[in-house]
Amino acid sequence: MIQAALFGAGRIGRIHAGNLVRHPGVRLSAVVDVDPNAAGALAQQHGATVRTADEVFADKSISAVVIGSSTDTHADLITRAAKAGKAIFCEKPVDLDLARARACADTVKAAGVVCMIGFQRRFDPTFAAVKARIEAGEIGTPEMLVVTSRDPGAPPVAYVKVSGGIFKDMLIHDFDIFRWILDDDAESVHAYGSCLTDPAIGEAGDADCTAVTIRTKKGRLCVINTTRRAAYGYDQRFEVLGSKGMLQAGNHRPTEVTFAGSANVSTDLPEHFFLERYRAAYAAEIANFAAAITEHAPVKTTIADGVRALELADAATRSWKEGRAVTL
Amino acid sequence: MIQAALFGAGRIGRIHAGNLVRHPGVRLSAVVDVDPNAAGALAQQHGATVRTADEVFADKSISAVVIGSSTDTHADLITRAAKAGKAIFCEKPVDLDLARARACADTVKAAGVVCMIGFQRRFDPTFAAVKARIEAGEIGTPEMLVVTSRDPGAPPVAYVKVSGGIFKDMLIHDFDIFRWILDDDAESVHAYGSCLTDPAIGEAGDADCTAVTIRTKKGRLCVINTTRRAAYGYDQRFEVLGSKGMLQAGNHRPTEVTFAGSANVSTDLPEHFFLERYRAAYAAEIANFAAAITEHAPVKTTIADGVRALELADAATRSWKEGRAVTL
Amino acid sequence: MIQAALFGAGRIGRIHAGNLVRHPGVRLSAVVDVDPNAAGALAQQHGATVRTADEVFADKSISAVVIGSSTDTHADLITRAAKAGKAIFCEKPVDLDLARARACADTVKAAGVVCMIGFQRRFDPTFAAVKARIEAGEIGTPEMLVVTSRDPGAPPVAYVKVSGGIFKDMLIHDFDIFRWILDDDAESVHAYGSCLTDPAIGEAGDADCTAVTIRTKKGRLCVINTTRRAAYGYDQRFEVLGSKGMLQAGNHRPTEVTFAGSANVSTDLPEHFFLERYRAAYAAEIANFAAAITEHAPVKTTIADGVRALELADAATRSWKEGRAVTL
Amino acid sequence: MIQAALFGAGRIGRIHAGNLVRHPGVRLSAVVDVDPNAAGALAQQHGATVRTADEVFADKSISAVVIGSSTDTHADLITRAAKAGKAIFCEKPVDLDLARARACADTVKAAGVVCMIGFQRRFDPTFAAVKARIEAGEIGTPEMLVVTSRDPGAPPVAYVKVSGGIFKDMLIHDFDIFRWILDDDAESVHAYGSCLTDPAIGEAGDADCTAVTIRTKKGRLCVINTTRRAAYGYDQRFEVLGSKGMLQAGNHRPTEVTFAGSANVSTDLPEHFFLERYRAAYAAEIANFAAAITEHAPVKTTIADGVRALELADAATRSWKEGRAVTL
């Protein structure tokens, strides 16, 4: 039985805890959080104990950690966990600073521990089906990827200020999807940004709408459009054009009800936000981690993927700020 | 903590067990099955013990039973459970024989115990949303209900022979949906049946395709079409026309992938069969039962509903066999 | 050059005239209408002259007639045209009285003239594609037909009173579609009717909602549901289940615009009513008639089809009034 | 009665001729084409005569010209027609050379004649409905436009070589749509291009796939993705995100048939190519021209629009070739 510790008893930590304990062979034995009440409640629910980070890293019986605490703690916790020889699952991003993220990756590599970054979208049933069908050759050679990635509303400006900017905070998922789906990498990136939904975001030096184009090493094209605020909710679509056809990943809806009234024919809005939309994906990524630590299964989203997505986000940020395409 | 016993450790029993143990306040303490291996495996998984029916009914600490054993055991187990004062969840149908089903309902009523029949479709998110929106007045007064209810394939003929016939075995769900959605009841039923998919079904005296029409007490119309074998899978749709509009419940799909190839544009087939399609509904119905036994919540599908659906199935069978509409 | 005469310069007459004159080899030379203004305007538009029925039937240069005048004139005009040796296109129905319709058909047969009845739906691109794909074997053997046929609003009660009733006035199209799509005929018909949208229709002795089931000679099943008033407009769908799959004919919409707002995702209502929905079909049926009179092409909707649809409507009416299934 | 002359009796010329003659008040009296057979056949069909360009421009009775001849003739014919005081409808583009196009526009302006450029997409029912609904405020302030514009197959390389390149030949429509839909103009344009479908196109110095992003004067973002060859056909979609919602213009299909088989659920491919997809738009744009010349209605697509779209195409071409964003 693998003993695991959880860092962060907030919303995403609780989701990971609930998914983790479903797996025979894995037990949640420790919860660490700056808020003792949050840690205590979650620990009690799963029969774990509240511990400090030092205790966790010193405890040889704990062989895996799940890091769901705030972004600024990721690099330090990954580094300490790696040095302590523990398997690591960490929420994205590795770090907002590229140099620190790379250093983290080096430490992980040197330690030779399992390390998985939480790009849950790769585990979404719809997205994963697109990937599998591309690999099965259904659309021939991929030529173009169009990603629509829109949030239902902007986070508080206080968060925006420490978020690393929209490219690192929000598009980092899309940059990971881009590499994964096309099985290719960026040669050059161009980004436009605008502040159209909330002036306070612009005053904080960030954009809330972006249009990013990427030309890959193989000459393929990728366009990503993003906004912090879509009035109709969380819009998560992409489509891949290939030489033999196109595969589209559409939004998921809470129900399959259609209403025909005197004005129009209507269906549900998309699933509300990431917690609803990616519920199955969160379960599947933790299942991958559980399989990695109990059966040596390979992890599908490595720390190298995390670093690469950050490099793309960095390049897009520079492109936007400097008004030019950036070659990687 | 409520102690519950499960009768039937087969496919549906295992699903109910998994859903039941999620609820704080309810514990699965006993499993009964004619197959000791099946009972043992399921009991072990949930920390329960294998018991006989006699032991369960004699055990005062067990206050609830979940009946997922074969149809011919339902009436007897309901009756014994009611007399033992235990809360009851029983899979549909109550019994294939209307007189026995009515006697069961009388016993339950006399005992005053909670008794819920497993019409899980009422708990489906899509179907429940249609019901809620009708009640909210979105389509005004309901006037017509059109139900399409098709299985992906017929059961073995050996099963067909003891199933009570297609109207009791398959349409019983649709008869329940009809009463629930229209909040009305049948005045008259007419049924056509044909054997078109497998001659062996016809030789067994049953139909595999049916077209049933119902005129309700309020003059509304309902049409139900059913087949045992739709080549494209499990087709579970209905639509309600009202004075102000229409609500349609559509099929659910495994993914939201669309493929555009050289021949056409395609999407997934519907969810494979009832276990996939009604996964959320199975969880929600057991949640209703758990709430009923722990918090005295009302059950949404009573044994009276079970008896009434059987009466409709009986009338439809007679209509088909006698070639005339049957007034209820 | 074929000279044709038009009876009826109303809405449908003007549509037929416009479609007819597109065909090289056919000229509209005469217009007959009880309203001289209507006749005059239409004649002028197409370079025709206003004539009386007697003049048309006496004029040997006129070899074809298009009858778009009121229903009560159809049988007489068909009979006179047949006796005068002229090719005939007549709007449905042949007549409201089955005996007169049959007599008409006999006269046409004896005269040996071309006679086409205006069941335009067979010429609709969507409906015709379904038919062609069934014939190509895409769904294997047809087993079940489900027809949804709903009008956006009831005609004036004054019209209802002389319409022959909903089965002859409205479902006659569906009865024709049924025979054509299944390439089969009714063995037995059962109909329920209700008056739910306008009490005045009930007082006039008619129904405004119907549920009709048919069992065919080959044992196939057909269900038709109809209303005079769907709040969301003109709803013209059908689906055919076969041994290998299903083909559905869906509604057409004015545009392919989708709106995602804060409440839901919506699309257009269906095309408003039959003139919009079947615009292409009206053109195609007259093209068939033009081909029949200029190139001896076979007509796709014969007077025998018109008589048979009326027989079905008659049987459905009796079933509804007498509360029993009617064997044909 | 307005007498009009048509230049170009090819495919698009024949379509314009057919649409033009539907309008009372306009007569096609002359057809000019380098191929006398093509000119003769079309002239005969519409009761026109075959003329030379010189004859047309000298004929005072001809007050309008429709130019559907090859691109290299447009500027000269527009100039001569303007000087002769004739109303002009000309297919896009005005000219491949920006300076010549601007000179043309100056001549037209000096002459004060009606001049309409054939951006038919503005007249498409779906696209026009999106525009009208934006103007009605349904989505609040537009913020982002995403255009997918894909052809079913590349033209012959011989044509590619004289086409002016993909940005002038193909995206010119999208650049016009962009300005019209957003009611805004480009501040800066960035374009990536690749040759992925046919190496011969790359050898001819052109791209066959493009990803263009535009930042408007008001800070809005537009992304356009284009390919010369989509395996599934002609893909013409766009979507506009605004502060209150999103409007999407989807593809049109030949029929509304859905097939559910054992593998998937499928619908028709989009309308085959521009002649099918924009049939209604071609009719509507000529109706606008007819209204302009008979009733002084304003034309919706001016030569200034034609010049501006060319400027955008020029900027995009430079961006692609020089590897940088181009400010307009």
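Letters A, B, C and D mark the chains as written, and numbering starts fresh at 1 in each.
Note that a residue touches a chain if its C-beta (ideal position, glycine included) is under 8 Å from a C-beta of that chain, and two chains touch if they have at least 3 such contacts.
Quantities reported herein were computed from a predicted structural model and do not represent experimental measurements.
Of all the chains, the one whose CA centre sits at the greatest distance from that of subunit A is C. Mean C-alpha positions place subunit A and subunit B at a centre distance of 40 Å.
With centres set at the average Cα position, the gap from subunit A to subunit C is 58 Å. Within subunit C, residues 139, 230-232, 235, 244-246, 259-262 each touch two or more of the remaining chains.
Taken as a contact graph, with one node per protein chain and an edge wherever two chains touch, the assembly is complete, since every chain touches every other chain. Considering their complex, residues 125-126, 129-130, 133, 138-139, 244-252, 254-262 of subunit C touch subunit D.
The touching residues of subunit D, counted against subunit B in their complex, run 230-233, 235, 259-269. Put simply, subunit D touches subunit A in their complex at residues 139-141, 143-144, 146, 148, 150, 188, 190, 192, 194-197, 209-213, 215, 219-223, 225, 227, 229-232, 235, 241-246, 323-325.
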